[in-house]
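Below are two complexes that have subunit A in common, paired first with subunit B and then with subunit C.
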Partner chain A sequence: MRRCVCFLVFALVTAARPLAGQSQVTGLRDLDFGAVIRGVQTTVAPTDPIRSGRFYVRHQLNRQVRVAFTLPTRLSRVGGGGNLPISFSTTDAVAQGTAATSSPVTFNPNTAITFTLVTSADFYINLGGRVSPAANQATGDYSGTVTLTCTFF
Partner chain B sequence: MPRQLALAVLLLAGLAGRSAAQGVVVAPHAVYLDHRTRSGAITLYNPGADPAEVTISTFYGYPVTDSAGHFMLQVPDSVDPSMPSATGWIDAFPRKMTIPPLTRQTVRLLARPPQGLLDGEYWSRISISALGGAVPVTGADTGRIAIGLTLEVRTIIPLIYRKGALTTGIAVSNLRATPRGDSLIARVHLERRGTAAFVGMARGTLLNTAGGPVATFQQPVAVYYDADPAFELPVRGLAPGSYRLRLELDTDRTDIAPELLLRTATVRDSVEVVLP
Partner chain C sequence: MRTTIRVSAVLAALLSLAGSTARAQSANITATATVFQAMTVTGARTLDFGNVFPGVAKAVGVAAATSGRFDLTGQNSAAVNLSFTLPANLTSGANNLPIGTWTGCTNTTNTATGCTAFTPSASATASAFSGTGSLFVFVGGTVTPAANQAAGTYNGTVTLTAAYF
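Right, the complex of A and B next:
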């Protein structure tokens, strides 16, 4: 029993140890539009603390990271039978470093942007957006994919 | 005793950073392979609470700078034999995997270069794509509109394959600087010399008329062919007047193993700057 516990502790310590020279790109929170009503545009601001999409990126101080989103323009109805327009404006993304001195940077998620990690080695990106269901939008489930690509040089 | 052990396990589980995150940690930042061993590895770690579906792929690309001086990847539409691409003969094992929560996975990289490969440096990019979960959508309520977005995150790191004795160097020209708000934006044209990419550091110092440093920057640079990067120095609070911007490029990189760095002499340049 004691051997089993020791192994478990060892395994958890191993899992907790950071990798040397690591980079990290993680999706933390999905962009959540909540209930959508026919004919009514629903917008989520990137500053929304609950419904905005949220990503975490970590690299190394003073290095550059190229951030590019691949965003859907339409969401497909599961099972077929229609699309639902989705759009992202020029101010729908906000990057914020984790240092106390880091300032938020609003950027256009439709265009790639390069950040230099000056104040902190890691930062968060919040993503907003809007969906515009038509007045005769077919009910059902709609799905799409948001891709964040981070290039480390 | 069982309670103490339970607490230890709980603490360690907390240390492991269990979360609902979707993505993986990737190490190292860059992969270097040589013609002697022809192999390497990257380590992936899933910090999340759910399994991560990961796909590895490679493509040819190299860093260039855009009009604003930011680094970006140049990815040619097609790769012809004149390009130093290693993409066609680098294999990753496995290429697709599911990594359980809080678990590491090693991905082996194996090079199978063509016969008669000339001495030189060959490049590729490794893309690590992790697919997370989606906002659940259900069809139980047929009278509503539900949206489920899937998150995918991609990490792209460089792969460099070397054969033979290689050299590198850097030529500096057209150093200039322009005040912009609370910053001074320095631009410079960099042109690689030798047979391998210049991977080093750019270090800038703004000097006052007495020769004292008043602002600095240091930033890693990788110049595969040429580049025109921008560097930003904070100049808030500095008195209007003349200054001198001194720029140095060297190959002292603490984030790359010394045996992998190609050394070259430090290159310097400077330019007069007037702050309004």
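Right, the complex of A and C next:
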């Protein structure tokens, strides 16, 4: 009797092990506006292969992932002395599965969205945006943090 | 009986663990930009070949007093790409005077002495503004009149496009 109980307990622990090694989100590339001119709005498209921000997400096929961005409203001047307004439109994010049959999905990075992973267990998310320097914007380098939070179901 | 109750308690705990699969992770990237002041590009001097004669090619070097010159202002010490739209001919009505063998040089002061040579083309040439935001671009070339070149005043347009990078 005791032997039978031990076997049953072991089997259940194996099945309920968390998917820690299978689910992940990784930041791959910064959103880089490069050189921008005072008084001139500059846009980076989410499809820009060099300048757009990029994340990698992996979970499990036929499971769901809820993605939510925490987006800055301004970039801060390195060394202080200024803020550069930044904004994101409703079409500034694109999700693309890694399977050959996956189609890109454009979505609004300002609101959370849930994906069901049908064609591939992993996908990329690209992020674009725009900065709007004032005519008297202080010259120099500016930066801010973009956070992507994934909830795996 | 005691054995049965213990197994049930363990099963209940494990089943509650198995049903709890929602888990959140976050990752960060950085959004970056470099703000520059606006750039100005001015055509400051015409590339002037003066009098040329049929069948006799004539060159104007970048250091000549009649070389073409562009004056640029921009962000102190910023890197800039220079590209050109160059005519293949100067024109006088329906007549063409071939032009080519373009030469160029850049300097952060208004002199061709000690300038950095390059070949003007549609492809970008990297340069940089001075520490006070100045850049001068000198342009020369060669015209090749035919032996039966028609007399007249021939003109063409050289366009410089500059961009921060």
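Keep in mind that, in the parts below, the second predicted complex is superposed on the first by the 132 of 153 C-alpha atoms of A that agree within 3 Å, B and C clash if a C-alpha of one lies under 4 Å from a C-alpha of the other, contacts with A are read in each partner's own complex, and residues count from 1 in each chain.
Rule of thumb we're sticking to: a contact is a pair of C-beta atoms (placed from the backbone, for glycine too) under 8 Å apart; a residue touches a chain by one contact, two chains touch by 3 or more.
Note that the structure is predicted; figures quoted are calculated from it, not measured.
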Between subunit B (first) and subunit C (second), which, if any, makes contact with A:Asn62: first, second, both or neither?
first
Counting only touches as set out at the top, which of subunit B and subunit C does A:Thr111 meet: first, second, both, neither?
neither
Tell me which partner A:Gln22 touches in the superposition: subunit B (first), subunit C (second), both or neither.
first
For A:Thr73, using the defined touch cut-off, is the partner it touches subunit B, subunit C, both, or neither? Pick first, second, both or neither.
neither
Mind working out whether A:Gln41 is in touch with subunit B, subunit C, both or neither, as first, second, both or neither?
neither
Name the contact category of A:Thr98: first (subunit B only), second (subunit C only), both, or neither.
neither
Touching subunit B in one complex and subunit C in the other: list those residues of subunit A.
5, 8-9, 12-13, 15-16, 18-19, 23-33, 35-38, 53, 55, 75, 84, 131, 133, 137, 139-153
Spell out the residues on subunit B that touch subunit A in their complex, using ranges where they run on.
5, 8-9, 12-13, 15-17, 19-30, 43, 45, 47-48, 63, 66, 70-73, 102-104, 125, 130, 132, 134-135, 137-139, 142-158, 218-220, 222, 232, 255
Can you check the complex and tell me which residues of subunit A touch subunit C?
1-2, 5, 8-9, 12-13, 15-16, 18-19, 23-40, 42, 53-55, 72, 75, 84, 86, 127, 129, 131, 133, 137-153
Looking at the complex, which residues from subunit C come into contact with subunit A?
3, 6-7, 10-11, 14-15, 17-18, 21-39, 75, 78, 164-165
Can you check the complex and tell me which residues of subunit A touch subunit B?
5, 8-9, 12-16, 18-33, 35-38, 53, 55-56, 59-60, 62-64, 66, 75, 78-79, 84, 112-114, 116, 118, 131, 133, 137, 139-153
